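In order of appearance the chains are A, B and C, and numbering begins at 1 in each one.
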Amino acid sequence: MLRCHAVSLPLAGALLFCVGLLSLRYGVLGIDIATVWDAIWDYDRSDQGQVVVRELRVPRTIIGMLAGAGFAVAGALTQGVTRNPLGAPGILGTNAGAAFAVVTAIYSAGITTPAGYVWFAFAGALGATVLVYLVASAGAGGPTPVKLALAGAVVSALLGSWTAALLLLDLETLDQARFWLAGSISGRGTEEVELLLPVIAVALVVALFMGRQVNALSLGEEVATGLGQRTALVRAIAGLCVVALAGSAVAMAGPVAFVGLAVPHIVRSVVGPDYRWIILYSAILGPCMLLGADVVGRLIVAPTELQVGIVCAAVGAPFLIYLVRGTKLAQL
Amino acid sequence: MRPDQKPSPTLRAERLFADYGGPPVVKDLTAEIPTGEITAIVGANASGKSTLLRALARLLRATEGAVYLDGADICRLPTRSVAARLGLLPQSPRAPDGVQVEDLVRRGRYPHQRLFDQWSKTDEQAVEQALKLTGLVELRSRAVDELSGGQRQRAWIAMALAQDAPMMLLDEPTTFLDIAHQVEMLDLLARLNQTEKRTVVMVLHDLNQACRYASHIIALADGRIEAAGRPTEVVTAELIERVFGLKVSVISCPVTDTPLCIPYRHNY
Amino acid sequence: MTQTARLCTASAAAILALAVVGLVVGDFPASARSAIATAIWDRGGEFDFVINTLRFPRVVVAVLAGICLAVSGALFQALIDNPLVSPDIIGIDTGAAACAVAILAIGLDTQWLPYAAFAGAVGTAGLIFVLSWRRGFSGGRLVLVGIGINALLTAVITYLLVRFPIERVSAAARWQAGTLSSSSWSDARTLVIGLAVLLPVAFLLIRRLRVMQLGDDMALALGVGLERSRLAVITVGCGLAAVVVAVVGPLGFVALLVPHVARALAGTLSGGVLLLTALLGAVMLLSADLVAQRLFAPTVLPAGVVTAAAGGPYLLFVLRRFNRAA
């Protein structure tokens, strides 16, 4: 079993490599593989194709990979810790919080560049998640999975309506925000990567080492305690990882739905319920899904582009319904 | 006395097969519920006790064979007319948040109300009677979720009583109750059987309680009937070994003269 | 019961008072006396246009829409046994919005907008029925399928909002927030027809719902035909929501919130509590619309924004109570 998963790891890696290559190759301007190759290893500033690859597509691809990994691993951790198959960072309010903060920033501070949004989005995601956690902790029994999901739904709905109000008050805010709100990784530079890479890298490494703890926790609070785990501590660390990963991802790519939900499920259907493998594979297949959706979005309505968030929802929603119709979720 | 006394219906299963979408749990089972008596269904875990009860109450549709209520296939009868004859109390039912005891009991009158009917005098009497029989008159305006386990179970029994069906099916009515409340519950059912001639069918875990309170026992093993009849006639050490795989000594209960099973210790 | 009756009387009085306020206040203030007179027996006069074309229909639409939404929410919450369910969460409103936003963003004739929105809501409800049917209905599955459909339709709306020029997009965004400011007598008539058909059915379903709340086994044992009853409750609930969204656009939180308030005041579901829910729905929407009109006057907010801003904090409070119970 273990050997089998280790063997398919290079396969997943190869898939990621191919999707990355596609992302560098396709777009409004068709560029052949040779030029892509040269742009990376033998950069020639005078070749327009190479400049496009180097200046636009490389940052876009890196951002897509980081955001994809962030969403997917955050989703896997959330599902494990809350024992809820519908657990996804969006359910804990990250997306709504980031959207609210970004729209507020556009409305009141007039910030208009994706790089400028980054910290607002990150802070918004963090704030909303903390709020969800506090609300869910109120009352007896602490933050149980059900209470977390309910609190997340309410806080998201609330922030969503306030965001809508801000968008209505000012035409320019709406014009600016609508593209960010759709979820997109185009027009990003290396700046965002430099800002968020350390955060996401640390959180990813911590998450990869948490597999065993999440395995115990996914058996339930009492069993985990019985196995000698300090559940509150594990939950807190996992929560920090989720916020860091999902917050960075939403800061880079906007509120993209379904990557965090769908990828861990796909992974689980292949590698089984062991979170050590689920987290690892999510970190590889998450980027595949996000970048794949982005490439599809670039090609499907050429010469314009479809935002990656729209493509992800269009693919992810039918998948969710398929999942719900399966017997696995029938008891929910 | 119940407000409108009806004769207890007859209930029987013929060549019944039932499952939950997998392999059959109840297999080729034929049984007759004696009218006006207390029947206990006993058996090991996963022997099909609850499945049989659910099929008898038409909560589960037979895959083959049928259950007949007063001679008619129970799945073909209008569900409301079945409900007027046959009441059911599932295992650990859940009351809506904050519902009061009386409100819960009133909901049991559903099968007797037609679409445009007002709340009638008969309805009111049935509810009062049910509260009185279960000793809940003082607790009527308390919220069900604030009651103790025994009181809560009594509230549900009261609801089933208000349904005023001459036959009642109960799935493990004594689970989660301490020994005193268990006896209280079973005494209540015995009283209902004696004074009102209601037919009672229940799944019971405790073999000795089944022998003590039931006049008819159906012992299941692997979805089939292993034995059926009066406890004094069917409950033998040999039957218990076949049904539960447990060696026991059967003696006569010093209090009621019904069979009492005392298990031996396993010596490995 | 008398408690519920008292609360209903108080709510009805509040509706009347708020309606008068709705007739009086505005950019052309009228005295209560002349406003009522103009509206009811003395048509014509200096306020005729302001009262009878602008304010009176708006008040009536707010009352009717509030009733529809609150009853719809109460039906859904009783059916699905989850205090956070309402027709807008499972995508009924989003379906209507997708059609309406398409018309506004593409720039088609807006005369068809209410019909398109209604068709969108009904079509979405139908799709959710079909997709969540699998050897019968389950409330949980219905909600989850609804969430999926909701996300898909949201993606469609996002696409429309990104794709088309900002002037048309802003009209679409405004419609999406739900507003009563362009209410007319024909809107009121549509709502009256919807209520006349669906509200009596809703009240007739209460007895069934009270039994269904005891769980599937218990409901079956008491003689409720589960599948048919569920279908009826969902049809009525969706119908009420669809009529409102077609006429005034999506109004968040009324359907979600008002049943909670009614439950907290008068207890678990019964005919009387449903009546109270309906009246409180009218109170909430009337007052939200008044606040929306006057808070930042002369800038008029959409009523939906006010219901959401006021409803959110209360919902957090409800959740805390729910926490304690869980």
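One rule holds for everything that comes next: a residue touches a chain if its C-beta (ideal position, glycine included) is under 8 Å from a C-beta of that chain, and two chains touch if they have at least 3 such contacts.
In this text the structure is predicted, and so the values were computed from the model without any measurement.
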| item | value |
| --- | --- |
| Most centrally placed chain, judged by C-alpha centres | C |
| Reference chain B; chain at largest CA-centroid distance | A |
| Centre distance in Å when chain A and chain C are each reduced to the mean of their C-alpha atoms | 34 |
| Centroid distance [mean C-alpha coordinates] between chain B and chain A, Å | 52 |
| Distance between chain centroids, defined by C-alpha means - chain B, chain C (Å) | 44 |
| Contact set on chain B toward chain C in their complex | 54, 57-59, 78-84, 86-90, 93-100, 103-104, 107-108, 110-111, 113, 115-116, 145, 159, 163, 169 |
| Complex contacts: residues of chain C adjacent to chain A | 84, 89, 131-132, 134, 138, 140-141, 144-145, 147-149, 151-152, 154-155, 158-159, 161-162, 166, 169-170, 173-174, 176-177, 252-253, 299, 301-302, 304-305, 308-309, 312-313, 315-316, 319-320, 322-324, 326 |
| Contact set on chain C toward chain B in their complex | 81, 204, 207-208, 210-211, 213-215, 217-218, 220-225, 263, 267-270, 325 |
| Chain C partner contacts - residues on chain A that touch it in the complex | 86, 135-136, 138-141, 144, 146-147, 150-151, 153-155, 157-158, 161-162, 164-165, 167-169, 171, 174-175, 178-179, 181-182, 257-258, 306-307, 309-310, 313-314, 316-318, 320-321, 324-325, 329-332 |
